[in-house]
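Shared chain: chain A. Partners: chain B in the first complex, chain C in the second.
Moving on to the complex of A and B:
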């Protein structure tokens, strides 16, 4: 199921066909991928599709090689990164990460029920408290006061904790990949196990985006 | 991206920033977040039990200008309303008032969520205190 980048008989570059990044690289829609193999394939295709090679070709071929090259770059950048790859798969499977909060609010409003928060309340509490601490540190620095040593110590410890959780979340993400990949080949429309795996991915990614922001903000505050 | 004048006004002069006593039976607290951007918003209301009117509202938001403006506006709007009136505030009202662009709609959603969560928390407290024997102050 490798995407046809070149004509089989004449070897000319082909117009970009609507395709997803996985099939662009001839890969099945699985999340555990051999990134070394992906990289090799990327370089091989980059060399063959490079617009410089088509400087003397027809205008049409030049255009196609440019389009395919840029698609190739997007596909590679997305697939080589574990988080971007997972987000991309979710998008392909119809899960809209950007819309989930609004969708949950709409559902709650329609049913008159309670909105299911997409982030665990304990995590929100923690994020809120940490942000309060960071703001305090920023304020005292603005006032020209030396940073409270205890605050700095607390934040440094918090940062280490978050980093550890980040790697824990990455491990959990890989477990969800395994659950998804296992169903590959026997997947059917509305497959419950696959749905569950996708939901688990969303949950990990949601938590991950908070923790990642915290690490970033704590770093910024400590360095400022 | 350009913010509207109203967003900038709320951002520069946020109304009702602060907190209320979380443990008070008259106070409802809503803490909500949007994983899309990592924002967190806390909105608190103080309600008169007799009249059901929201007498006081405070917020604290960590997020972008639109999230701060949305929650600032939300506190302005709920003040003086009864809890039932406050529940009818929709995120689209906030979008319209602040002229939020499509990419910032989730900020208004967050503000609506925060109002609902604060009211729910307050209602839960009322049910709990109603079932408990009334303590009389000496």
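Moving on to the complex of A and C:
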């Protein structure tokens, strides 16, 4: 059911009621979204809720309009992006992304160390290799030597390999969406298929985030 | 148009400031679209130099009139104040080396800057307020009515403190700032209004002191900013300073005198280099030439090629932000449909060339780069005022230029609102206690992209107080961060277990408190407002006296007797009523009553006129006619045609 943004009788903007982003846009909790339609809806609602339209209204209405449109903007920003949308669904479903979880952040804070990420098993070998090369590059920089061309070449190649994996992961993510969306009609508490789909999403997102960090580290090392 | 709804658009620039408004549609005949126009100053110029001086008698002088002060008494004048808006002593050290800003001697770290002008100190918002007040006066003179509301533009890359300082300046100048609009976005509005544009538009805005790049998507009247980037300390000023440094080096080398500390000489050189810089946009060579103290003369030829080599590193600094904005927008240069140039510094051919290289297309500059931002501000002001046919479908969706974060343990920043998020934007965070019985939690809010809080811009520190003592980790305090449509942060908090609102004292790191702003509100503003009303009331009273005098004269004439008793009693009643309202300060009421009395005495005037005509025909001179004196009064009692019968 669509959230009530306006008063049905007087048409005035209403104070925001607690709601999730999917229902804000009147959407079912599915991951395959028609983003063009989402954008049209975002524009349509913006034309009604944006504070510019309430510059002459009462202070209360201005405040509500600001809150309402911040919610609209937050919802649109989250839903239009495939990764943010998936993460948001996981949060709604009470699933924690281990590596990005608040718990992991808190642990890192308490220990004062960096947030540890578990290496996805299929990447173990490549990551080991990559870390060696990064180490080598760092060492030669510390010694004030010019970076070994071979190391630079290898790192660049490795980076490209990881980037290719990232686009492969995007496809895998879409497959998990399909699995989740399919169960949408007959979902019930503890539905095993749905659970499996959610777990697959967690795995894809974790791998994705891990690879992105790797690429970032390689870029930083090459640019340094 | 109702006076209260007269909203102007203001471009408060580093070098020049302008005020504009949306001309009503009727000004161009029925059906014609309204268009934004710049309101000129008393001197007829559209640009008001952002220059403030304190003259010998303690009066504030703004704009072109302050130019001579800048040269003659540089310690009593200030320019480019925008560079200091929302900044602390710690972060303006570089500016102080290049600009003749004189800080007050008794400044403490963390305090809002105070600049010395002669024997007085002013904060940057106060100095900006003087400029805004001048613009406001220009608009009031133009409209013949008070102006109270404005839309003010700011560089897109301005942080929270700089925005807040601008808003404070508006308040000090007696303006209700309905919206702060980002300069490149305002420019896009002016461009978009001009031609109904669609597609991806990049606005490259290089002004006197700031650089912005904004990438927008225009569709069905929606101006959606996708990404923005920039540098709030990069502009034409930097080119001027570079040329000044070269001239000072020349002088030191050739004449063996160091003029760097000589304010007067530096200002003379500055004027000369700016002239040369401007000339080099159209000429292949120019001369930097000026008189120095001691009757010496400085002269140096500079070719465009040399100039372009010199400024290349400065101009190149705009490339990084452009690439970052494209990357953030997820676009390749080829996907940008149009590039618009804004800001005086985009007149430099080398700048245009760089833009061409970066975006791989010819940039647009049909609209005057100095005025387009003010025109866009006027369009936005018009939209906020309710809009019209021309702006009916237009809506601006802007973004926050910098990520908002909270300092976490170890000084690391936890980002809660990412840069380029559409505003208004919000984030809710939960906090708890670390020690048993803890009743307050300190929170440090920062803005910026760096990993560590110390490298970001500190916005505010505040304490969540009044937490019920509980075991560590048990309280759950929900803090809501909201960036409003002006790009300004608001914070509210609630302890979830008790449900009670937690107390927040947000102490802006580099801002004025509400009380400070309140105390700075220019007395002269209120006076200007009062003066304006008082003047109108005085004029109305004078007008009332004129009609009352004329009526008094009329009573002694034959014409009076010819009126019916009803006419006479109506005139008498209205006269009494006018006598009552005449002493009020309400010029509207006085004028309304004058109009009524005028209407009631119309027949008396006609009769008097007839009798005057007949007296004139009888050979009497006008002067000696009974009603002669009344005839000379500037009033309907004495229509000018009478004179022609002589």
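Methods note: the second predicted complex is superposed on the first by the 192 of 224 C-alpha atoms of A that agree within 3 Å, B and C clash if a C-alpha of one lies under 4 Å from a C-alpha of the other, contacts with A are read in each partner's own complex, and residues count from 1 in each chain.
The working rule: a residue touches a chain if its C-beta (ideal position, glycine included) is under 8 Å from a C-beta of that chain, and two chains touch if they have at least 3 such contacts.
Values in this document were obtained by computation on a predicted structure and should not be read as measured data.
Within the superposed three-chain model, A:66 lies in touch with chain C and out of touch with chain B [touch as defined at top].
When the two complexes are overlaid on their common chain A, residue A:131 makes contact with chain B while staying clear of chain C. Of the two partner chains, neither chain B nor chain C is touched by A:219.
When the two structures are aligned on the shared chain, A:206 is found in touch with chain B, with no touch to chain C. Of the two partner chains placed by the overlay, only chain B lies in contact with A:121; chain C stays clear of it. Of the two partner chains placed by the overlay, only chain C lies in contact with A:74; chain B stays clear of it. Of the two partner chains placed around the shared chain by superposition, chain C is the only one that A:50 touches, whereas chain B remains out of contact. Greater residue coverage of chain A by touch, when chain B is weighed against chain C, goes to B. When the two complexes are superposed on chain A, the residues of chain A that touch both chain B and chain C are 105, 109.
On chain C, the positions that touch chain A within their shared complex are 5, 178-179, 219-220, 222, 380, 383-386, 395-397, 408-410, 414, 421-427, 482-485. The touching residues of chain B, when paired with chain A in their complex, are 31-36, 38, 40, 42, 60, 62, 90-91, 105-106, 109-110, 112-113, 116-117, 120. Looking at the complex, you find that chain A touches chain B at residues 97-98, 100-102, 105, 108-109, 114-115, 117-119, 121, 123-125, 127-128, 131-132, 135, 205-207, 209-210, 212-213. Chain A contributes residues 43, 46-47, 50-52, 55-56, 66-67, 69-71, 73-74, 76-77, 105, 109-110, 112 to its touches with chain C in the complex.
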